[in-house]
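Common to both upcoming complexes is subunit A, partnered first by subunit B, then by subunit C.
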Partner chain A sequence: MSRQRPAGLQKVLNVLGPFIGLALVIALFSLIPEVQGRFLRFANFKSVATQSVIVALGALGMTFIIVSGGIDLSAASNIALSSVITAYAINAGAAPLVAVLLGVLTGGLVGLANGALVTRLRLIPFIVTLGMMGIARGAAKWIAGNQKIDAPMTWANELMARSPRPSWLLLAPGVWIVILLAVAMAVVLRYTVFGRHVFAVGSNESAARLCGIRTSRVKILVYSVAGLFCGLSGVMEFSRLTVGDPTVAVGLELDIIAAVVIGGGSLNGGEGSILGTMVGVMIMSFLRNGCTMMGWPNYIQEIIIGAIIVIAVTLDRLRHRGE
Partner chain B sequence: MKSLALKTMAGCLCLALASSACAKKSSDAAAPREGRTLQIAVIPKGTTHEFWKSIHAGAVEAARELGVEVIWKGPQKEDDRAQQITVVEDFISRGVDGIVLAPLDDRALMRPVQDAVRERIPVVIIDSALQGSDFTSYVATDNYKGGVLAARRLGQLLGGRGRIFLIRYQEGSASTVQRETGFYDTVKKEFPDLVLLVRDQYAGATTETAYQLAENLISRFPDVEGVFAPNESSTFGTLRALQESRLAGKVVFVGFDSSPKLVQGLRDGHVQGLVVQNPRKMGYLGVKTMVAHLRGETVEKVIDTGVVLATADNMDDPDIKSLLSPDLSKIID
Partner chain C sequence: MSREPAAPPVLRMAGVSKSFGATRALDGVSFELGRGEVHALIGENGAGKSTMMKILSGAIPPDAGRMEIDGWPYAPAGPADGLRGGISMIYQELTLAPHLTVEENIMLGREVHAAGWLDRKAMKRRVREALELVRHPEISPDVPVRKLSVGAKQVVEIARALLNRARIVVMDEPTSALSQEDSQRLFEIIGKLKGQGVSVIYISHFLEEVQRVADSYTVLRDGRGVGSGRMEGTLLEDLIQLMVGQKFTRFFPKVEHAVGEVILSLDGLKGARMTSPVSLTLSRGEILGIAGLIGAGRTEMLRTLFGLDEAEGGSVVVSGFEMAGAKPWASISRGLGLLSEDRQGEGLALGRSVADNMTMSDFAPYRRHGFLRPGRQRRAVGEWIGKMKIKAKGPAQKVGDLSGGNQQKVALARLLHQKAAILLLDEPTRGIDVVSKAQIYEWIGELAREGKAVLFVSSYLPELLGICDRIAVFHRGGLVESRPTPEWDAPGLMAAATVGRARPDHPISQRIAE
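Entry: the complex of A and B
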């Protein structure tokens, strides 16, 4: 019985862990006299939130994949491909809504292909998505004719406007979309049968299969959902850039994976939470924002983010050893 | 034990946050706008190329002369449009007095620049063009003319006939597209007997990607006689590929921009011409124009900073030398 209390506390700390990191980062910049007055302003939070949208959407899907014991290296290429498709469709005269849906769908199809290859060919996700990373990036450049696509401005470009058009929205529509989807996905992952199956597959796939879970179906669904999120993220990328750029977001998959890992996701599968992931995204965005405001050189920023990933995972390990 | 320590830490943090929130109000009220040193953010396309270091030096030089503060910050990943937008937004948040920006994309950076102007932060564009007219002034090289100079040099050395590559830099980069267009137009108009074996291959952002492209092109067309590359990384990547395939010195090679390795190439006869801009002047005039605008003076809408062709013959002239190998050590460390 005496172990009960520490275990409860442990649980609280597990949830709070990433928040402490976020608080540390915000506190750090709030205490530096040069920027403190500006850093804590609502206008700044607004831009940090807008800047987080693209990684956040990718990370929502990535959380599902990592919890299921997989990985998706093609996320960033998928974002680029979807943004190019959206721009292409708008340029070809499609209604913005159709273009946006096409963009999201493209992401979903790439995800579906990932899932199908992982389950049908029984290849490890690392290899499948490594290949897809090149395929999607190449396809994006091909469709865009090896250059960026200038599309006419439509309401699709308002999704990521720092100052939203009806000003009562306060935040860019993209930010609200992320918040809504994050809440929805948190519920799906925690409280639905599908969510529990994702955890089961990630914790012990053979046990899950023996328990009667159709693991292949779960995995295909996980990769497809993650693909849809990348597609939406690509739409947001297009909205932000106002052009379809096939070279955008190179290396962004690592930021996305880092966000999930900082938020408590385990690359061995079976662990991770949407809330943690979102906090992981915010930690990286605030760091970037603060470093830029300070005018610190980029290498400092890169070193800090690298160190945070290692520290976050180390703390995670220590917590688990305690359990 | 551990959890207790963590808890205490969290407690301290909350306190710190609360106190800083209070401090914020008082410091805001106390900060007078008048009499403060002007803060100018200078945002390059990247930070590792020699070219940007020269711009940095020029900007710092102007800052010292005029008594203003320059904050130098590029996108975290070289040539990443999305991240450059982020940097501009962060400086709007910081509330700098002015932004000097080398836009990575003539279209994608329009909205952040509009945002800045809406928040009463003027923007001076350097190096590459931006669509629209929200900016205060455009300080840049006449890039088209640079391409023309390169084409004439190549055409003359080849006697007006031969098989050549036009290597392009990257999709959507306005300054290099203008150089490529200047080169292409001049070849078509003045040297109709030059055959362009390649004219729509992109070298990409880094020396490595340019190196690979040039290697592949050379193995496909080993009989190439002339090459033009439109910026520092593509020129150096191509030079490496020519040297590796033992074609350096046999092929007429005209590049753009300079770096110690390229100057060495010029001296060794591996490079027959380098079109050089005056990035230091660009950085200098960018900041100077901004300060003049902030102090209420009227400024020119377009300011040309000039291009010259450096060759093995004129490379030791003091004027050319200072453009080829600027001594930045006194300005930035």
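Entry: the complex of A and C
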């Protein structure tokens, strides 16, 4: 009854799809003589990785939200708010660890609020998080007194250092944190009951409810976890800038969503993977990096990334055709 | 109903009643289900079958009556209680998560885990066992469900129901989406379930199938149980007679009208969503009824004809013009008008005003240089509201605030407003009050007198017999019979719709042997 096409090949293509895109981008710039030398150096890869940390952390949480059939437009505002809170706490004399935890927690609370509003008020996530986008951004500016908060240097600023202090780390601590969390989240999404329920809610919410899954609880958890990731991303933002800037990361939520979508996430829910998302982040970072090296202006990057999003989703659609 | 004295019924429902507003959906229905028994629940659309099953599953509470499972009172507060009571529903509309694999769907909500960590091996084993049990070991647990055929999806649903340790399985039209071969396998599965002492309530319109698979039957009509007994020795025509009952056609106003020349003819029209090609003709001043079960392909035929679904072959000639494959705007300009069966989802924009809904298909009279002239629109719509006796505060009222009957009148007025010459009406009287129904019958007659052609799809046989000049019957995707109305009666229509032949005059056993 179930006609199965060459399942092996299909599977390989499904898994490798985003990687092929990444390989193409890297190959493209590696073949251009002007940038070849600089582009392929380890130092360059290191800086690309470091530049990816903030989007990557946001995208980890966003993957859960998109797989569950939701969306979070407040991610970037949440990152800004969390970075401001971290700076504020350090400035106020809190221990760096406490400040970092406060930053992460702030993000988690914003996420919890999103989840609670989506499930209790039965509003669509787009509206709730559109509102939260303004609220969190406004709160950040308010707390920061509408200006940057300077904070004394602490170890928190080394999380994003391009040359990590114990040099055997090779990559910035932030990059390692992303790698560890990505592995952890991939495992959660694939090997836990919670992860499976996230997919079920995104794929067919009424079927999930019919099977006895507490869909509201799953959603609240998803938004809260995603909020925690935004909080951590905000800490990294502070670490990179060494100040708490309430106007930072404007529009970044779209980059985060784009990364998830390029990596195979479907805005209709039920589809997406952590690995795909991470590849999506890398594709965008390498494109930016390569374009900058080529001396291409910003607007060219924007056009290329815009085109990549449309192409990636079209290819994804073609791949699913005939099912 | 014969019952072995040793085995008390697994399920007993007594005097169960339920009303929705003024409609009495169930009126003191009693029902008994034995252990390992396959019991068919039969009745026309709207006879109360689904209401009864919703009450059983705990989805809605009854107004009166009681239920017992194994002799213990059973009063479910919600679907979760139904599941716990061992009642599993297999719904007509599939309730699977398309992106999840077969294994994930079957185990959904019942995952085997240790502290939240999935035990995939154990689950895969259980899923394999379940698929083995339903005799479909070839379905891989790792395939996403959306890649499966409809039949295979149904099998997955059944496997899920079995894994739930169901003692009563309710199957609502399980074969309507299945091929012959898959239906065959389903019957084998049902046999196996019986062997394990699981009881099955089997709802289907396909009476021959019911004859084969069920041990006993209960027939519902207008919310009442009108007959039940052993299937063995019961003739098909008896069941049909019970289903249709004594119905009269004299409440239908007969408006005299004359049938003119042919205005619409379909020749072998085949659409992407139609299972077989359809040919028919419709004349000016003619009311052609289309009978058939839900899912028999009537709506698909209308949609293909109108251009909402893709046409793949055949021809549609409207007043001499070939129209096959035309888009809806072109169909409208040639005088076709479609009244959708899905009034709320597709027929009307519920949040918009009566005026906008009524004139949506033809804004031309109220437009100047691209601007709408609301004054003119309001005046014109006001006249229609009076003419159609629509109970609305005015043209500006939201359509969603009107009653079902008045909503339907707005939808019908739209076709008249756009001056359609050929009206394709899909279940125009479904779910509306009696007074509105009578008015709609009268209008249809008036329209025919004005020389308009009407294609009238309905699942309610008395109204077809009451107002149509000719009735064509659809069965499993194709048109099987078309005759002038005087040559039809309700049992004949029901037989053609359920069996595909107008006269079920052989005993059943012979026909199954065919």
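Just so we're on the same page, the second predicted complex is superposed on the first by the 316 of 323 C-alpha atoms of A that agree within 3 Å, B and C clash if a C-alpha of one lies under 4 Å from a C-alpha of the other, contacts with A are read in each partner's own complex, and residues count from 1 in each chain.
Note that a residue touches a chain if its C-beta (ideal position, glycine included) is under 8 Å from a C-beta of that chain, and two chains touch if they have at least 3 such contacts.
Since the structure is predicted, the reported quantities are computational estimates derived from the model, not experimental observations.
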item: Broader residue contact with subunit A after superposition on the shared chain, subunit B or subunit C; value: B
item: Contacts of A:Ile303 with subunit B and subunit C, given as first, second, both or neither; value: neither
item: Touching partner for A:Ile26 - first (subunit B), second (subunit C), both, neither; value: first
item: Which superposed partner A:Gly270 touches (first subunit B, second subunit C, both, neither); value: second
item: Touching partner for A:Ala92 - first (subunit B), second (subunit C), both, neither; value: neither
item: Contacts of A:Ser203 with subunit B and subunit C, given as first, second, both or neither; value: second
item: Contact footprint of subunit A on subunit C as seen in their complex; value: 79-80, 83, 95-100, 104-105, 108-111, 113, 116-118, 120, 136, 138-140, 143-144, 146-149, 151-152, 155, 182
item: Residue ranges of subunit A in contact with subunit C within the complex; value: 1-4, 191-194, 196, 199-200, 202-204, 206-208, 210-213, 270-271, 323
item: Subunit A contact footprint on subunit B (complex, rising order); value: 2-3, 6, 9-10, 13-14, 16-17, 20-21, 23-24, 27-28, 31, 41, 47, 71-77, 79-82, 85-87, 89-95, 105, 107-108, 110-111, 115, 118, 170-172, 200, 202, 205
item: Subunit A residues touching subunit B - in the complex, by the definition given at the top; value: 6, 9-10, 13, 16, 20, 23-24, 26-27, 30-31, 33, 35-41, 43-44, 47, 50-51, 54, 144, 146-148, 150, 157, 161-163, 237, 240-243, 245-251, 288-289, 292-293, 295-298, 301-302, 318, 322
